[in-house]
């Protein structure tokens, strides 16, 4: 079968790779769709990020859906032919954090397409993938294109749980990439009544508006726009920080009310922050990383219509044109979410 | 002006009552719509409930909307002609519980239409009502009929906050009267992915289904229907108990998973409960009573389309036919929510 | 080796039982001390409780400490000769609740001395016990008598976690048996500033006072004593209900402030409760059952002096006189905690 | 009467100031003891800190105790002659945050000795102080010297509440000044079982050890000492950051376990932090500022012996020698907590 393998920065190849038969408790999935994520782009453009660097060829990808083609024993609940969203989260189940219910913090996590341990954890951009049945969530009623959005939506649902109470809350989102836009949808699904989004790009903000943000602000053009929210002691109850830019977080602090919650999703290395102002206001800065049980919730919220991810998917590119797809996805002015069509 | 006054059980009169000019910080509201609540019906049918008994004539009603007709000084933000939902919650602001942010537990609460203190707190079923401007929430974009639903919806939003995390949760609602049905809508607005409702009446359950319950169960006809959720250690994460019937709560315990949350809204006096089973499963039974800041949230959720209350309003009766309206509202087989049209 | 085996109500025998060699990850512990718990007494006096009934002979006991005598491979951290407290909590680690971090709710729990599954889970009152090394907590600096109190103290620490914030809180404890008295110690260790205890027995209350309760009330002699706490909207922030008596819980409700937390530890079957009053005050009734990670905390709190359990241990009886020990422990007027001395 | 007034950096004067008669609900307190706080020292040494600058002469001080000398009407519960700790926290009671129960975030706070609003809020280092009776907590059984520690202890109790669950937790404290040392006592009072403290000064660390820290680490001498806690995914559950130094916080991150809570008390302006590492571990950085209801708890915990603050008070200096006292308090190598003796 074919797989999309990164060898070094900009050296992306479609290669032959071996298939694996499903064992007990496993399913063989023929993948249909794979979304390109920001971390995939870091490997593609830079060979990694921070201390995470490619040391051997690695299959990319972790946002995938497909069709069940074969089943091992002990996979009741799955049938051949099922459309499934495949969770890339594979915690060990045994370590201290798994036993605390914090599977996303597993000490032995094998998340698809990660260069962090060595040997690397090979990714999911391949034509056939043998997975644990527990990684599969049936996606009846969804398109394969939507099912492949379960993963990034899960990231935002996990962040929403980290945020705490959203019902009736005022929400600010900094950064209107795919994660920021999905946070708009997630916050709305949890009952937020006012959602404002900032970014430096009008194209990005247009998508936030399209999925229902109450207001969007281009902070490149309108540096003082958040000031109207900063009188008294601030306005917003929750900030989803999706940019990874210290300026976005620091600039938002005056607009947050005392005891506001900042959920940090953006990964931007070190940041210089106004910690004194945050302390005086008793702001709560909470990291949010990946997800676990939220994967099933993501599928169900798309199924019942509470979340519609379709507007985000701006491009679908054939599997053979992976390099073109990665270049397109790297250009924020042209693309929001680029997906690979595995049949293409 | 006219007011709807209860003198004793079944003795309901439309009477003349004095109007009051708005002082500083106050608004005079011409009421348009008033919903009849279960507590109004208790006064009407039984002269009270439990230890709460009528001791003098009392204007009924606390679910009202209207139009601003006059404004005192210091009411910036309100304009004459505004459609407003009027909150019946009037805490003192000074007592221990107000200072803890628990205004619904105010020691000196003056909630419209309550016989609990003496003299009684006169209610809101009157043609003109002078209120504090802070009780008014502008309801632009809503009908007056919807605006009058802000109060019972607030009760259910408060219960939803008491329930804790709803996003992706499985919810059971026992009792499909107006509060139970609004709990379906509130739970959905907070992200619940599966909602099952039980009642003894098919008519009541039909409404739950209409507003989006995933399944309804008539436990009069199908006593064992909850058993399918009771294998293993149970299924539901949250129960909204809206019936006030011990049998409903006790019957639901096996269907709840360990650490499930029961939000108790129904007021049914003493109840004999399987406390040992609840303890072993570490069930969390939380009372929920009235609301406070959720009133504004209720209006906003109706405005942004997250909650549609219109299907619940089965009848609108003219103010002069109050007695007929109360009789109709007392018959669960005929009516869900009965509202009075003050122009009628 | 010898074991203490219950055959039927009042039929308690000291019998020969087979020893088991420790396998990998296991330790052989020579037990020194075993405390008699209320559930042991139910089997002894009544052959069970509620639906839990003896169906075959069962070794009793789950509050034990001893000395490590032999170790299998993979038991780093334990040494032969160590005094250890042995946790009776043996969750499976794999089920849904273990994976949520709720090991005390494990679907496959094998808690020592439980007749609930069949075959029964044999208990720990035997001279030698082969355990998983993870069940052992080193008890350096404690006496064996104290180490055997880790288990009931864990129950009360778990309840304290269920209670939420205790620092500076006012606490009521209903029921002054061993669990009630340990709840006094646990609440104090978590920062409670005022602790009042009620019971029907002066002897029991004397022990609560001895370990530091600020006030004790004999509600048999002084039925109205809690009334002084019931003016306004009540007084206590937290109730530990350790009696399992509906009258104790119902009688305490007026003395609780709105939003108070009741932690229910007592197992008393069905209870008739003033649910309406609890709902109006938004009381939070939380079941608390067993414990898991709190076992290690129990040992550490005894080691650092934050909790002193020694006053509770009123009797130490030789292993061979088990029947006498069980009779004594059944008499609340004579005994608080009765322990078996395995060397005796 | 005399007061201690700061005019500019290093310009501290003991001056005459007018007394005020107590009105209704007020008490006149003859002050006995006043502790010098870090913020007092900022005004004394630098004329302010950050954007907070002296613009007019201001009485310093907010850690005071004294004796009730006269009472206005409506002060039931207080008697002339009572020793009282006086809370410097004077929220308005009316603003949004007071009504949310967040009085420490009051929009109109009048905290003694603050240059933030203009005119400044005059402080409490004066021989007589007229206060609201609600600011007084009776300190029977304490010395006046202990009673004057209620304020800084309250800061640490508030931080402890912000930290969430402490029972059985592993705690790291960075910065062993008076606030760091009081955090050791507060964490212990809330049930922490292991407490490690870091600082750059052996003298400061000696005090932490004296009040019960399990281990102290001089990170100036032993830069890698925290590494032993950094294997796997880290060790500590809670960090109290009391230094305000970015290096202390950043250096501690590897030693924190995933989902650890950092309570930030130190006020150090902007900080450059490893936000990416904090995000991946889902660390929760919570600001903690001042206190409100914890003031009464502080007095009670000293009264019942759960917290002993006496070791911290290294110096008591006469009121007339205020300048000497401020110089001494500014020298960490010589002093921990310096108090003024108002009789001196």
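Residue numbering begins at 1 within each chain, and the chains themselves are lettered A, B, C and D in the order written.
The rule we apply is simple: a residue touches a chain if its C-beta (ideal position, glycine included) is under 8 Å from a C-beta of that chain, and two chains touch if they have at least 3 such contacts.
Note that the coordinates shown come from a computational prediction; the quantities given were computed from them, not determined experimentally.
Interface comparison, A-C versus A-D: the pair with the greater number of contacting C-beta pairs is A-D.
Residue-number overlap of contact pairs with B-D passes half for only one option from A-B, A-C or C-D: A-C.
We define each chain's centre as the mean of its Cα atoms; on that basis subunit A and subunit B are separated by 39 Å. If you average the Cα atoms of subunit A and of subunit D, the two centres end up 42 Å apart.
Those residues of subunit D in touch with two or more other chains are numbered 102.
Every residue of subunit C that touches subunit B in the complex is listed here, in rising order: 50, 96-97, 102, 104-105, 107, 162, 232-233, 244, 246, 258-259, 264-276, 278-289. Residues 157, 160-161, 165-168, 188-191, 193-194, 293-294, 296-297, 300-301, 304, 306 of subunit D are the ones that touch subunit C when the two sit in their complex.
Residues 93-94, 98-103 of subunit C are the ones that touch subunit A when the two sit in their complex.
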